[in-house]
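Sending over a structure as structure tokens; questions will come in a sec.
Naming follows writing order (A, B, C, D, E and F), and every chain is counted from residue 1.
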């Protein structure tokens, strides 16, 4: 494993935000593309996520908008619904963000994201929400 | 023009958030699909944007994540970079949100969004940012 | 559950077109985002699907083109292949529509849609088609 | 130019459906990728468009759903809004199809498609529609 | 099954490149859309893949870039990671191509592709890579 | 401007591959998001493009597949058609790669990419190709 400031800072960020789910992703790259995992940590978390210009909570709102509307990113959205909870977004706010994104990318993208959130909320004992 | 609560509430929201840019979009639908404009006002703004669960500033963070990562939505992003400024996001925060979204959807989507923001910032006399 | 014209009209439309599959989607939102389900019924079905300007059969042709080409919407396509059959499109016409959409969005999107249709046709005892 | 049944049949289809706009696309490929133009004629029109299983009008409904929801296909949508008019869809039905697709792919995709249709309708003297 | 040069040539190409995985796809279309399978063989493999202008190895690099960045094409990517190995790309080169594509389409698309490659590599006894 | 190995290495790579077009992109970020430009240089070129595992020519094949199939990336594709020529791909091979990608993402994405290549080829006096 690399020993540099960006990696160390990134790994601390990844732990604080994505928690176990983020580490699992990096670990599962170990036998095929460890450098890809390193780039995610260094660039994604050590560079971008570590910037002070936007609070962790704000970054997860952007992330939810992004992953919901791209489609086909359910595994990553699962990690980031957990991340969103970890940095203080409430389940109701996450639901609200997904609904909001669906105005821009349509009901199917919104539904797929909502059912991913539902799975995470269920695992964390947060359902029913209403 | 329809006279109902959702439309009235939506139009007020549209004015407050998207401002002139939003009205131009609705107006330009008048001779081809006025009902489509009405739905955008009623559902988009009267229903979703009017919900109390997420602050206007938060909604624009989700919107920027969504529009940046979908690609091909530069005209809508232009409206919403203006909207983001209108509801209190600083230019630096908007730049930060676009950079953050690019981690998820790649540099080309990020660049297209950034140059759209640059155009809006230039029109509003906000450049150089740094 | 809301009691208004748009919702009532939308629910009737949803029942007539999407049938059980559509209701399952709305029901599965009950414990996380019932308002999202309500919007799908009110706006999607009460507003748009209820418009007289395009026959139900025509709307499902547009829907199949849309969902096939977006990608990542297999769960929604499953509901709407059923819907297409419910409003009178034949299995052969549905296959034809998916093949046609693949000219525009490529073979992978076409294949994913075709195998979704195959699953629905198998469940309804409609295979082999040829 | 190739001389085979698929090409001859495809060119006749292209002329009947896409008209001048379709020929311009093929012609503009002549000095860079004539074979790509030939494949569009042979496979797209000689094979798929020539199949009897779906009427020309139905095929344009699928096409509009597909191109609206993919995003970034405004030049192709311009050709196919013309094509849709050529095969008997009314301007109002085209508007309706775009609005319908927007339920699935969101307002931005719908707006971009609507303004493309507006451009075509204006060129053909069909505005105002309402 | 059709008997023409394009089909014969395409089937030979499909066998040489995609191998068993490609044939399975075509076979699974037999009871629902055999013509769709025929088009994939004739146009995809008999026309495009048979062109001398780009080596098989080069074509799989383009394919990996394409399928990784579109998203939602994991089943097709699975076939083509196998195809890439069949035409002489090493596992390390495939990993490299996916990482490269992720610069353009973001980490989530890259991760989904990487885990698809990992599945194929595991099935072929090629792990650990490093 | 930062002074570190990754940036220096990346800038040299960017110059060698993307040439003037790449520098223009980075320069145009200077007054709005210089750090975004720095990340493109450091991560995109200093990290990924500098890896020995895939030749520059191979990387541009992946890039063309990626950008063609994503859609809405015409400005970036313009830079990278130039880059492809710079690293030794012939115009005919670039055309071939775009045609190949169109099998996976459909004719509209292929056409938009082809017309972008045509613009670059014209600027460099490379037309007609055939």
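Going forward, a residue touches a chain if its C-beta (ideal position, glycine included) is under 8 Å from a C-beta of that chain, and two chains touch if they have at least 3 such contacts.
Here the structure is a predicted model, which is why all the values come from computation and not from measurement.
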Which neighbours do subunit D and subunit F have in common? A, B, C, E
Rounded to a multiple of 5, how large is the rotation, in degrees, that superposes the C-alpha trace of subunit C on subunit E? 120
Among the chains here, which has the CA centroid at the largest distance from subunit A's centroid? D
Comparing which residue numbers subunit B and subunit F contribute to their contact, where sharing over half means same and under half means different, the two sides are different
If you average the Cα atoms of subunit C and of subunit D to get two centres, how far apart are those centres in Å? 23
Report the inter-centroid distance (CA atoms only) between subunit B and subunit C in whole Å. 29
Taking each residue of subunit B in turn, which ones touch at least two of the other chains? 35, 39, 43-44, 48, 51, 67, 69-73, 76, 95, 99, 102-109
Are the chains arranged, by touching, as a line, ring, star, complete graph, or other? complete
Of all residues in subunit F, which touch subunit B in the complex? 25, 28-36, 39-40, 44, 67, 70-73, 75-76
For the complex, which residues does subunit D have touching subunit E? 35, 39, 43, 47-48, 51
Subunit A residues touching subunit D in their complex are 69, 102-109
The residues of subunit C that touch subunit E in their complex are 71-72, 95, 98-99, 102, 106-112, 114-115, 117-118, 121, 127-130
Touching residues on subunit F, where the partner in the complex is subunit E: 43-44, 48-49, 51, 53-54, 58-59, 61-70, 73, 76, 92-93, 95-97, 99-101, 103-105
